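Presented sequentially are two complexes of chain A, the first with chain B as partner and the second with chain C.
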Partner chain A sequence: MKSFNLKHSLLFLPAVLFMLLPLYGLLTAVLNSFGRHRGWTLDYYRQIFESNRFVTSLVFSLQTALIATLLSILIGIAFTRSFYPILEKMAPRVSVWIPMLFPHFVWGYMVILLLSETGVAAQLLTAAGWIADPQQFPILTRDPDGIGIILTYVWKEVPLVILMLLPVYASIRPEYYALVDTLGGSAWNRITAVELPHLLPVLMETSLIIFSFTLSAYEVPALLGTTFPEMVSVLSYDWFYGSSWQKRPLAFAAMVSISLVLLVLSFIGYGYLNKARWRAMRGSRS
Partner chain B sequence: MSPTTLEVKQLKKSFQEDLILNGLSFQLKKGEILSVVGPSGSGKTTLLRVLAGLETPTHGSLWMNGKDITATKANRRDISLVFQQPLLFPHMTVEENIVYGAKVSKKYNKQKVERLLEAIGMSRYRNHFPAEISGGQQQRTALARAMATEPEVILFDEPFSSLDPSLRQDLRYWVRDFLVEQKTTALFVTHDMEEAMIMGDQIAVFQDGTFQQIGEASVLHHHPANQKVASFMGGHLILNENEFVPLGDIQLSPGHGDGEVRTFQGRMEHLTYQHGHPVAHINVPALGSRVALPVQQVTTDTEEVTLHIPTSRIQRFEVNQHE
Partner chain C sequence: MLLFTLLLAACSGGGSQKEAWKDMSWETIEEEADGTEVRLYMWGGDEGINRYIDEWAAPRLKEAHNITLERVPMDAAEILQKLQTEKQAGKQDGPIDVIWINGENFKNAKENELLAGSFTDKLPAFNEYYDTEDPAFQTDFGTSVEGMEAPWGKVQFVFHYDADRISEPPSSFEELQNWIHDNPGMFTYPRAEDFSGNAFLRHVLYAQAEEPSDIYENPLNEADIQPAADRTWAYLKDIQPDLWRSGNHYPNDLTELDRLYSQGEVLMTMGYNESRAESLVADGVFPESTRSFVLEPGSIGNTHFLSIPFNSSNPPGALAAINFLLSPEAQLAKFKPDYWGENTTISLDQLPEDMKQKFEAVDRGDSVLSTEKLEESFLPESEAAYVEWMKEQWFDEVVQP
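What follows is the complex of A and B.
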């Protein structure tokens, strides 16, 4: 019995080793945000939440991340739902996943090349005579509404959503659709009674992953964002590597606040999925 | 005379080259239960799927209460289907599953759900999830969910085949009583002749895409229409495509009568006991078949046996009886 437990503990070892560095980082960030070397204080949190620059940035970040997440999920569901019989074949599936091969900043550059005011799309539309001048092309990158950031993320994350949802769609027993039909249900009933309950855990996980990433990642907003409003990650980077060391704790306080938002969301999601109803979905008894 | 609820005319269904249903015609009167029995893979499920509207027939028409429903979609037909597996929604409780059937067909009322819960004996377990109840309880809940849509006809696709034998036996009687009580018109598909006899007022033997014979159990037993029906009933030794003899008239020792007797040599391969009687499993090379013959006493001294068949007992198949 003892060796059994030991074996189980050993299985956690790679994960623990892998997590050591980020956990150390998180812990140091938390300590520094409370002023570890200069006497314990809540002052840095007070400062950031009183700063217009941070609050605007936080709202902008949450809004951009939320829109990017929702659009990725909705487009991903629609795409998987419409094409999953085709996507079960190798070649179409691999071609859908191509954007996943590129790092985010490369994809960001691609979006700039394609959709900036001097980009390929603007040039093509001008050449085709649809617009008189490339300057008439709508501002889709480095715009104050975060359209460029959202576009890049959606483009990049939809393949991830498809990757996550495809096995779920493939595992839904077609008899359930026939059942809903014979009970008198519509196409909408098929979605709500059969598909969504199956998708829910994966959707929840995927949404959390995408939301966390889009909320806190640096390179895409740095490439495609403006200076005001800016994403929290860009602002924190600025505070962290800026000329004044005084502002470093502000960067820690900002990122710790973001981590807290994400932790709370994860716990809500986990708590919801752990309700008897969704445990029953996974076949376990309460 | 009860009115006709469901009428099927010249139904044909083929997948590519394979003809699964070949000009099937029959009627179901209101409140009637018809068992359809046939070997596995004979197309029974396809028949149900066509009736439910999940498959379109290649040819022929379906009529419900005098109205042509051949082109009506599955969700618009007053026909419910109970599947081989219970297919309960795993995230809904027993009660929610039944309520779902009622609501989705827009026939919800609280008393009806209460009555159904009561009828299937699941009131106590109404808040349990499917993973928390037994296979039999799941199948009863699935039946209540199908009944909650108040269908004109309810179709059963071997609903007990995934249950263990003792539970299956109990559930057969229970479902039969339930259907009779609710005056439900039903079509019950199975590959088990005993189950077909318990469940149906009439039994239709389905093979090669058509009904070989429809009738009550006693008619099918005493007057089988052809070799296929007789071999499926299992109560006869088939001598050739025209003649058969009831197993009860076969003796392993010479009879005392002075009538003409036909004999066949056989080899006893196994001895089993069914319903308290020994049954000899005899291979008869001359007929190219094996027969399970109930015997009075066990003769273990030799494997070689002779079947004695009085000629006067040999009967002929009643061809064309099924129309």
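What follows is the complex of A and C.
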């Protein structure tokens, strides 16, 4: 029994080594946010949650990240569902994944070139006579609703969702569908009874990845965000790299708060999946 | 444990050696610098500046002093962050030998003891060709320099416009206000976090004070400047609805404003460098008819410097390289519009006659204002604290609904 445990701990070793640097960073951030160098205090957290700027920014970030995640997941599912027989082939599959080759920054610039008020789309629509002049093109980038940010992320993350879901769809045995049909199930039953149970763990995981990324990444909102409201990452960056270093603890407090949100979400997701798995093992249905 | 001891030994050994340059004569410093490599960390966002270093300065430094100059592009704030991390980690042999720095970054570096110390009195070029008593070299955004950085160049803030589309540019902030109302949607400025946007906002503050000197001669005292600040917010809120996109969005940085200008979406741009339009016109980014102007009560200018970090692994090389970059030849090449076209910190009166004539013969280009105009409108920078104050106040007063 002992050797079994040892072997298990050894298997963890690469992961632990890999996590050492990020964990060290996180720990330093947490310590700094509690004022490591100036005496322990909760003051920085009080300051940010009392600041209208931060709270607005937090709400805006959560909202933008949530919309981007849901849209990416839904479009990704719809796409994979409709096209997975085609996507099994090499060429279509690679072409779907092309956006994944580009860094987010490059993709953000492309969205600006395409969709800004003087962008390609505005010029094409003007040339086609749909709008009288480019000025009438709706403001889609650097807008107060985060449309530009959401568009960039959705475009970039849908391929990721497809990447994650494709193997799952490919592994669903056709007999399951046949079973639903035999028992008189509808197309909706096919989804709920066959696909969802298969997809759920992957979906949960993918949503968490996308949500965490969109909530805390800097470059896309810096490029496509507007002056107000701003994403938390942009605000933290300004605090961190601002001219006086006095605001650095605020940046740490903001990012630690974000990490906490993500940590809690991950635990909820993990707990839920474990429960589902537990139920499946015991064979009970609810 | 052994590793730790070795590390300690390495650190302490490096420490005493580090200070050796302070007692060296200039001849010894040049000998020590011979055949070494100097890494210059500097902001890398301008092609002309990069080419000046890579194509003009580096080969000549190699030839004259056998020093290999390697330019590493990095934002000043990130350089300081790197130094701070190295300091915390006790790293004594840092990769950075020379940094390009001024203002708030210098203040942070000095306060956090990230610099090697006072060195400008060592530099022959500085002592011979520069007005060492010039207030512009003594203080840097209100922070006392104390020889810890050497003046490399100076720049002045100007506005740019397209002479084909505007016949007569405004000449004061009042006229600018009227112009904005007459031409809604054709003007905007970068947000306060941006270096240039912040400078624009400080101009408005200067203009709304009784006298600009009320601001730049005094350290930041919020109570004292309250009336001027109130007028500044009133001015900014007054122009806001007639700005580009009705002032709902301010360009995130100067690049964004430049793009708007080059696409004709707005009619003016600006920048903290009186000659920066030259290269942009030459590259076809800005229209050929781009000219510049300054507004009453004047335009803010500042000096920027070269300095040596506390843990440079090659201080003699760094000193020799800085001395070279301050030399009349290097300053003349920098002054010419071919690469950089930036104003020189050198004192023309202290130059040999033929060198002085070469400086005077330089044609800086159509988009650059005359030296007299620039000089007569020159206003010094205020204390660095105003920059931070402006960032916060601007957001609270002007942006946040």
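Everything that follows uses one rule, which is that the second predicted complex is superposed on the first by the 262 of 286 C-alpha atoms of A that agree within 3 Å, B and C clash if a C-alpha of one lies under 4 Å from a C-alpha of the other, contacts with A are read in each partner's own complex, and residues count from 1 in each chain.
What we mean here is this: contacts are C-beta pairs under 8 Å (C-beta built on N, C-alpha and C of every residue); 3 or more make two chains touch, one makes a residue touch a chain.
Since the model is a prediction, treat every value here as computed from it, not as a measurement.
Visitor: For A:Asp238, select first, second, both or neither according to whether it touches chain B, chain C, the two together, or no partner.
Guide: It touches chain C, and chain B stays clear.
Visitor: Does the superposition put A:Trp278 against chain B (first), chain C (second), both, or neither?
Guide: A:Trp278 sits against chain B, while chain C stays out of touch.
Visitor: For A:Arg53 in the superposed arrangement: first (chain B), second (chain C), both or neither?
Guide: In the superposition, A:Arg53 contacts chain C only.
Visitor: Once the shared chain is lined up, is A:Ser171 touching chain B (first), chain C (second), both, or neither of them?
Guide: A:Ser171 sits against neither chain B nor chain C.
Visitor: Please work out whether A:Thr227 is in contact with chain B alone, chain C alone, both, or neither, and reply first, second, both or neither.
Guide: In the superposition, A:Thr227 touches chain C alone.
Visitor: Comparing chain B against chain C, which has contacts with more of the residues in chain A?
Guide: Of the two chains, more chain A residues are contacted by B.
Visitor: So, A:Ile139: does it touch chain B (first), chain C (second), both, or neither?
Guide: In the superposition, A:Ile139 touches chain C alone.
Visitor: Let me test your reading of the model: by the given contact rule, A:Asn5 touches which partner, first (chain B), second (chain C), both or neither?
Guide: neither
Visitor: Look at A:Asn189 in the shared chain and tell me whether it touches chain B only, chain C only, both, or neither; answer first, second, both or neither.
Guide: So A:Asn189 only meets chain B here.
Visitor: Within the complex, which stretch of chain B touches chain A?
Guide: Of all residues in chain B, those touching chain A are 49, 52-54, 73-77, 79-81, 83, 85, 87, 89-92, 100-101, 104-106, 129-132, 145-146, 149.
Visitor: Would you pull the chain A residues touching chain B in the complex into a rising list?
Guide: 173, 175-176, 178-186, 189, 193-194, 197, 276-278, 280-281, 283-286
Visitor: Going by the contact rule at the top, pick out the chain C residues touching chain A in the complex.
Guide: Those residues of chain C that touch chain A are 77-78, 81, 103-105, 108, 112, 191, 193, 245, 248-250, 252, 263, 265, 384-385, 387-388, 391, 395-396, 399-401.
Visitor: Quick one: in the complex, what on chain A touches chain C?
Guide: 52-53, 117-118, 139, 142-144, 222-223, 225-228, 238, 241-245
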